[in-house]
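Both complexes below contain chain A, partnered by chain B and then by chain C.
Then we have the complex of A and B:
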């Protein structure tokens, strides 16, 4: 491809029919990722961040979900790929790690065998070769006593070690893209900081691209190059990590940053974004954030703001982005 | 609001030498193993303060909370709430005391009965405590819903019809129905989205002022605990390892574990790198606890003395308590 993008999502829309209503979970998302780039995806629950990136692996069953738009991996559209072809991509080209390692690991299979599975499938290794490689992978994710631990079942490992095992599975076939969906949310802070450091280290060593999905701005801040802020199934702002934190263009981004208590917050009140996240059964006419936005005007309520480009490779969907700044 | 008589130093709750042991069956020859969830723990909570409690999962914070609520009895030790010992009250006396001590849990989805309407949820504690008649109950319910910003026409709705933030506000309103004086907030804002979390935190702070409440604020999130609390206790392995005023704690951390917790918190700022943490992750096995100081296997400063002798929690300066042999000098 001319611009050399590893992942390109174009105008993705995902609609779930639920009890006669339609939930517009993803509502026109376009985002792309260069090889080796780390993208942070920020947003509150139900904003469509997980659905968007689960679609990259075609993990959203359709039907019932109605998916439109286009997703390209290394220049090839995956929208019409049959399941058999997708299996070749999952784990090999793109891997995903999830929030709850206990629910995503097979409880009746040893860790080593679970890591070996994709190696045997994609790389055609024998069980013995695959298990040897599994030990190397566990060492890479800094699992202590890796030789012994390949014989453990998931319940015999602590939360942090389970998450390491899941990362080892995801990295088994050296994917070019790793999608991490809230990988540290269920972990204690001390373990969280180790997993973050581990992902940083692996990125440096392997040069893979990373999509890091989180609702925690603190976790994302130190880890990624670029951030996409999701709200109500749309991306409201994209830009470099430093720009987003230092100089947010969208009122929602600014609010998100302001309402986190920091270790040095001294005041006795937190900034709040009034109201709550919108109901996704109807697409609002104007800007989806208008009902909660302190700067909303008549235009915001009636005209949907388009993604507008700003200097420094940024974009923002807000009528007032230029003037607020 | 009930206004109690002035007691010395306005102490609301005093717990002394609490111990709580749990047993687990190993399945091998029916041998039982036991471990301490809370061990020799003492603390005092003053009237009108927000007392923060932090620690990693499994350190005993919630067990402590449920003992202070009277939901679990400690194996030994005493809990004095305004001079009355919770640990040896009869169940009818305890029921009486429950009016004063209420709680809000982490998960509003799990702590509301899905088949109760909002009115039933709010009314249940009032009926149990024999507060009536019905009109008076309705009056109490409506005024509380108004306080937590839930519209009064929600009375006949069910929990699933509320958003996550509304549900947690409902839990807070329910905890307030009996005009308690002490609220135990066990990870009460941890499951909420950031924008909603900020709203609920502000609500809790407002309610505390308006209703003259005292909070025990339990959380694993140090930045929120530090924002909310007046005094903070750091818990490790069933014991308090450091306790201080929040300003003192940010200036003058003395316990290596507290230091490590602070370092591990990612700051929402791209220019502050995640510090290289100098401690091992993960709480060691509760069943085979390390000898000496429970923190020594993870502590970068551990000496022979730490491996042999468990440190006492002692006061190193006014109101600053630390359980560490090396607490005499600040950590570099």
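Then we have the complex of A and C:
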């Protein structure tokens, strides 16, 4: 099983020194992904989910950031890979799409040229070949009038179309893994569902693995096989999507699920998890969710809960996981 | 676009009229009578009167203004008092050399300054950045004439590479450019703009996208970052070109090089009213032209301005 992982993150820690203090953005995250698997990564803003998966492409400037632990791609550790080697992995083996399609495209270059750039870099295509391929890619991401659109600048496209162009760039060199960092957060709800359907379709067509980062449980539910719930730079629960939704083990996961607005219940008020995310400059002694947890006991406040395995390949870091179940 | 350019050109006319009027009154406030300055201390009253009459200086300021405005409207800049030749002809002879200096100087100094600015941004916080920062601060703080005098001292007196006086006929033309251009380069005006624009752009999300695509650091720096930073940089280059037209006054005086700036300074010395008005007007027109040109180039460079709506 160990050999069959395309991505393996082991005890990843990322610390940012900011103004004399240290922000512990990621505190010992371990997660892995089988080829072609889709992992949903859930958590509130600032819980370390983006930092964790940006580290897979080494997009975090280090120094200043201090990164420890290990990240393996297809069994090869990337931690000590030189920049030149990383450039061959980025956009070729692993691609990434981001939250703000408005700001993630170069405003002074045509869409076609921006798609062609990856193809020329990684596939050694000529500009002409690359532009032809760019049209095919835009058709693949269901961009209307793809032939004309390669000559468009980003500002001429709507947010949804720009995100489609972003996806076309990411998929240009048929990566084995796509990291989607909140790709629908900045979009209208209708466009959101279009993009999710598109990613679903592309996954089926290409068989690539996907890491889908979101703060919205509802968004990932239909898309991923497995879910990892992040809280304060740690994974508090991991498991199959179905299991997590049916039977969340961690009180935080349960809270997140309750936060999804439902039309089929009587309740009038939307559920919220009381309190706010902890300050990451100090790591608390016990469970980091304890201050907000309705089930917290003295043990929770003093003893850090370990990741415990549960049947069905699940794991959870909570003292009460078994009893709450 | 064409209607925009026409609008800009038409709106330049009131500006030029304003400059013309301001200069008209300003020169008449300078102490010293043109006739006395021209004819020297030993001139008789009779000579002075004849001189005044022949140059229309005996008329009232109001009458002189009407004549000058008529000239302005018809494009006739009058006749130089000191040279007794049409002002427009004198300017026509001097102008190419000033434009040449401004263009060559701005192009060379911009290329060097942008290069240094990109280098500083790429090596942010390390010694090349610190060194470039110190140099550009010194260069920008020192007045042009002061740098010019040092360039003369070193390159003309000590090394003998360039002439001390450039308007002698026996000097090869290219040599007259070297000193002023070195002075403009040492001003390092663009370094800071380039550095700060580059650093700002490097923080943008699309730079992260480029990095995530596997683009090399060099290509990120020059293609993605500089490609975008070029827009504010071009604006600054245009501004520099406009001020180089006026800066020619100082450079042409320090290096004694013929040009419209030197023409203006000489005209002020002898109170050559029509010549002062004419040269000041042309310098203002050149500055306006440089600004319009800059706006056009920026619009052509930036697709967000050039291309609107969906194609």
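Here, the second predicted complex is superposed on the first by the 319 of 325 C-alpha atoms of A that agree within 3 Å, B and C clash if a C-alpha of one lies under 4 Å from a C-alpha of the other, contacts with A are read in each partner's own complex, and residues count from 1 in each chain.
To be clear about the criterion, a residue touches a chain if its C-beta (ideal position, glycine included) is under 8 Å from a C-beta of that chain, and two chains touch if they have at least 3 such contacts.
In this text the structure is predicted, and so the values were computed from the model without any measurement.
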item: Touching partner for A:59 - first (chain B), second (chain C), both, neither; value: second
item: First (chain B), second (chain C), both or neither touched by A:280; value: neither
item: First (chain B), second (chain C), both or neither touched by A:152; value: second
item: Which of chain B and chain C A:259 touches, first, second, both or neither; value: first
item: Which of chain B and chain C A:268 touches, first, second, both or neither; value: first
item: Chain A residues touched - chain C or chain B, whichever exceeds; value: B
item: Touching partner for A:116 - first (chain B), second (chain C), both, neither; value: neither
item: Sites on chain B touched by chain A in the complex; value: 56-57, 163-166, 193-199, 201-202, 205, 220-224, 226-227, 250, 260-277, 279, 281-282
item: Chain A residues within the chain C interface of the complex; value: 57, 59, 83, 87-92, 95-96, 98, 100, 103-110, 117-118, 121-122, 148, 151-153, 155-157, 166, 169-170
item: For the chain A and chain B complex, residues of the former touching the latter; value: 44-45, 158-161, 188-194, 196-197, 215-219, 221-223, 241-242, 245, 255-257, 259-265, 268-274, 276-277
item: Contact footprint of chain A on chain C as seen in their complex; value: 204-206, 208-217, 224, 227-228, 231, 301-304, 307-311
